[in-house]
Amino acid sequence: MLRFATIILLATVSLAQNVVHYTTTNSNVKYLFATAEPVGHLKSGDILDTNTLDCFGNGLRKPGDTLDMAKGDNPLAGPFFVEGAEPGDTLAIKILDLQVDGDTGVGAFSPGFGSINASHYTPMLEKSPWQERVWFYHIDHAANTATFKALDSDFSVKIPMHPFFGCLGVAPANGEARSSIVPAEFGGNMDSPEASVGNTVYFPVNVKGGLLYLGDGHAAMGDGEAAGSAIEVPLKARVQLSVIKGRHIEWPQFENDDAIMTVGAYRPLEDATRIAMTELVHWIHKDYGLSEMDAYELLSKVGKVHLNEMVDPNYVVVASIEKKYLPVKK
Amino acid sequence: MLRFATIILLATVSLAQNVVHYTTTNSNVKYLFATAEPVGHLKSGDILDTNTLDCFGNGLRKPGDTLDMAKGDNPLAGPFFVEGAEPGDTLAIKILDLQVDGDTGVGAFSPGFGSINASHYTPMLEKSPWQERVWFYHIDHAANTATFKALDSDFSVKIPMHPFFGCLGVAPANGEARSSIVPAEFGGNMDSPEASVGNTVYFPVNVKGGLLYLGDGHAAMGDGEAAGSAIEVPLKARVQLSVIKGRHIEWPQFENDDAIMTVGAYRPLEDATRIAMTELVHWIHKDYGLSEMDAYELLSKVGKVHLNEMVDPNYVVVASIEKKYLPVKK
Amino acid sequence: MLRFATIILLATVSLAQNVVHYTTTNSNVKYLFATAEPVGHLKSGDILDTNTLDCFGNGLRKPGDTLDMAKGDNPLAGPFFVEGAEPGDTLAIKILDLQVDGDTGVGAFSPGFGSINASHYTPMLEKSPWQERVWFYHIDHAANTATFKALDSDFSVKIPMHPFFGCLGVAPANGEARSSIVPAEFGGNMDSPEASVGNTVYFPVNVKGGLLYLGDGHAAMGDGEAAGSAIEVPLKARVQLSVIKGRHIEWPQFENDDAIMTVGAYRPLEDATRIAMTELVHWIHKDYGLSEMDAYELLSKVGKVHLNEMVDPNYVVVASIEKKYLPVKK
Amino acid sequence: MLRFATIILLATVSLAQNVVHYTTTNSNVKYLFATAEPVGHLKSGDILDTNTLDCFGNGLRKPGDTLDMAKGDNPLAGPFFVEGAEPGDTLAIKILDLQVDGDTGVGAFSPGFGSINASHYTPMLEKSPWQERVWFYHIDHAANTATFKALDSDFSVKIPMHPFFGCLGVAPANGEARSSIVPAEFGGNMDSPEASVGNTVYFPVNVKGGLLYLGDGHAAMGDGEAAGSAIEVPLKARVQLSVIKGRHIEWPQFENDDAIMTVGAYRPLEDATRIAMTELVHWIHKDYGLSEMDAYELLSKVGKVHLNEMVDPNYVVVASIEKKYLPVKK
């Protein structure tokens, strides 16, 4: 009896959770979050089983390789069309599984990019700019670590892996097409460690089908992504896509069993933080029934603010609150 | 033999760790971080046993009390003179014990103050500004919680307490006197949850004796101190003060057994973050021997950035790295 | 002999300066700076004689009209393809003539947009936001004035007109398509009063033909475009387009007989200013031969900084120096 | 009869405009805006006739002199006590005459200071920082010019002089003492070219007597004071001090026959601009009777924004409107 029940359950799941497989290669990647021809179609509730290339198009593999060997910046898998998604809806992506695809991760300092060196959007007169450097990280799948090896001294240390998508987003509103290095209202290059297994990310649907893009896997990353890169890796990924009809959001959100999280993706950092915080107050007010002032006060006591990155064309901040501090959802 | 040794050790400690008691009241508090007449003198290694008033001078005690009943903003205990501290040295404050002093905490929204409302330094034309609101938190010492009670609906929730000093700092450099609501190079109103038991904070010594001030206890606080207040409480405190001769720092630092942490206290948030990050790279480079570029890369993989507050005249960010990721200290 | 020479010269000019006429209407405007099908082709040196609609698609004409009557935001004439323009070149647009096209200008306050009210990218919790307001300005062509009439009191005043393009730009790099409300490296919604008769604007060519767009005429505007609009007007325009082969620029520039000017278009305002200033130092260094430090020092004594706008998705600053302070151009 | 009347009038003026002479030297200067012992007392309406040292205490005089020869940063004349000035009043300083005191001006690049190089509050990791440079400017009093001479090439150019006070301010509120390199609510190191002959500057009175300080003369300066210095000069100055009883202001203001001007002095630049703009809207609303929204709209059409400096611990912006655009003052 028990066995029979299990079979029925699996069948049910199988019906609802059709799995779409897609293989991403350098010949089918995109470099824009834009309205483009879908490479796959899914029904709401379907699972996407795919892979992503690292931010260099897997072009740097071993010590001595240089940044000019990168095959484009932040190649994206997709776009994936989700049936029934219409502008004004919300697209939910539940991240089911992420595995580092390979044995090597890459970190890089690229002149003109980074949080505490002169950069394209924060230029300084420089007498002698820092030059390109590349670090390679050995991935130990069994131990779930990546190893940092210093370039200028004899030191190495193992870093626990926490794989996540650096890039995750949909086609922007108003017909815009944005480079895959940009995060904004449509998600994009958010570099959010929150884009990891166990979390669901929500995006505003701006065009029919939503048009999801994924890429830029990270095996681990520090807050702010200080020097401009994470441990950059290809990923194997399983995500479930669902359409939430009639729920309208302005900015991306994350959610899991324990917390609700809002994303601010803009410059300056104050504005990114203000966006995330106001969105979180509005969410609490709307779905959990606290007044705006009570929600504001509560955040002032138990809210969290996570600086994701301060290096991309927009900066990304995630504000969050644990559900245990909130009333029952309305 | 062992027992004998222990006794000697205790005797030594007892000699070094003289305890200075000081009682803080509304009649002896200060409202400036400045060069002023000390209220107590300690030797390096001595322990200060004192109390602090809450940010309202303990003026608000029960529902119905209003902000005009506050006895000054951020009253400070001190200053305490530490013998041997000279400009160019570093003053270390090890926080040994912090207890909430009383049964009530206070949160308040004050018009013109806060991260996502128009404020003194981020003014907006407002048609109808938000008005003052005050929340009272019952402290349960046994359970180590403070209870939030919504003002506009019937909801309450317990918040675990993490007591820390909102204000901790020394006399500023160059003869400046700064209001106790300001954080900057001298520490001050940092609102750093890192100023809690188990951590040591380092300040640059700018004047003879250092002149330590303490105050503005917080029972708990969210990242960014969104609405402008924590759970504001009086504290009972024990801290050990030590002079580190010849160690020169530019900005405050924290340290515990597990991590080193740097403080950036300025506006905009980008600059606060840049200060904390560059100071952390320099610290790793100087004391742990990694090259600046290796340290920068390592932070990009495992560094932490904690937004303390985004409401005071300067914003405060703490950057940190766990020692387990660093080489052995030189 | 002299007379004969003059005739030949005129004939040459006439040959070089072919005039292309194009009529812009609501049915052929665009709302993106993007790579799109050209509506006209010009040779380098040709003159474009066209018209632009106001930022509301000429939808608001008289007191009582409301913002929901706008036919799109910032409709653009174009794109115009300039033969010979290749990525890496510079496109020069000399503004020969601008006339306000009609008798009415419009100003508007739109909730969520403006420099000193809560906005989309600088959100605040608001108890009661400001509501939409629209002002109409009578244009007196003979006197060259537009008349402000207060809505809430009996006051009016004449403002001298200085017509310029709010939007002027080319197709962005990397395949991006940007909304016509955005200024950035490709120009766009710069709201630069410098885009007026007598000045030449330079843009980086990112795609074959450059693909110039024009629109969003302003009869007059204050620094910063504080409340979010200028005196918005349709324009009649004559501009000369030229390709400068092999001159590569990163950001837009202006030039006239008296000055060189650089554009920074980003957030925060510090970064927009840094971009404009560093570009100006580099320009002086490259074309006028001063060392970077001498150029920096000279700007510190005679440079100008003009805040164009602080309301759009990016802010725009123009830095400039008068040529009389520079060495002879190399 | 007429002649007699004139004589009486002159006599009255003479009585009201008592002239107080004070000689400033390196032995009586101050380095703080603070509550301190006055060096002179004036009645409201009196004229102060004094001199100021340059920002280096006149320590650098000729090519080859270096920054370590500076006798302090921004030495100040004062403080001057104005009788009748009480907290809540406004102190008006009418600038009657400013003359460069000597034949040499100085410009300097100091590592860690400047708008487009790594600095104390905008630190960057630098491989090789720029080194100190000093420029000397010959003052031609008859031609009213100062001559820039390039250090790295054979070029010189004459710059018209526009002398103004870099430092002008009063004792801060709340007992603060601020370094003479800081501008804020109390004025201070505003580096405002508006602090020149023909203009009146208004400061909030924070302490009895107001306590005016002056210094840091500039013979000419570019917008933003890009590299961190103006043409630094000693000055001879005549200013008239008046108390405006019962007029309360929050930030400094300027006024002349043609315009009203407000000062924002903070970081980031957005906030400095927001302060100046909101103060200007409030001023127009209060004294000239336009509604806030009409004033906002009018600024959006004819307002001016002047970046004074983007190098000091706070940035300074002046917003202004010409009186010809305003209703008659109430």
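To keep things simple, chains are lettered A, B, C and D as they appear, and every chain counts its residues starting from 1.
The definition used in the following text is that a residue touches a chain if its C-beta (ideal position, glycine included) is under 8 Å from a C-beta of that chain, and two chains touch if they have at least 3 such contacts.
Fair warning: this is a prediction, and the values are worked out from it, not measured in the lab.
Common partners of subunit A and subunit D, by the touch rule above, are B, C. Taking the CA centroid of subunit C as reference, the farthest chain centroid is that of B. In whole angstrom, the spacing between the mean C-alpha positions of subunit A and subunit C is 36.
Subunit B and subunit C have CA centres that are 49 Å apart.
Taking each chain's centre as the average of its CA atoms, subunit A and subunit B sit 34 Å apart.
Of all residues in subunit A, those that touch two or more other chains are 116, 123-125, 130, 268, 270, 274, 278, 281, 296.
If the chains shown are joined wherever they touch, the resulting network links each chain directly to all the rest. Against subunit C, in their complex, subunit B makes its touches with residues 116-118, 123-130, 268, 270. Within the complex formed with subunit A, the subunit C residues making contact are 31-32, 34, 121-125, 174-179, 266-268, 271, 274-275, 278-279, 281, 292, 296. Contact residues on subunit B toward subunit A in their complex (touch as defined above): 107, 109, 114-116, 122, 130, 133, 135, 148, 150-153, 155, 157, 159, 220-231, 268-270, 273-274, 277-278, 281, 289-291, 293-294, 296-307, 310, 319, 324-327.
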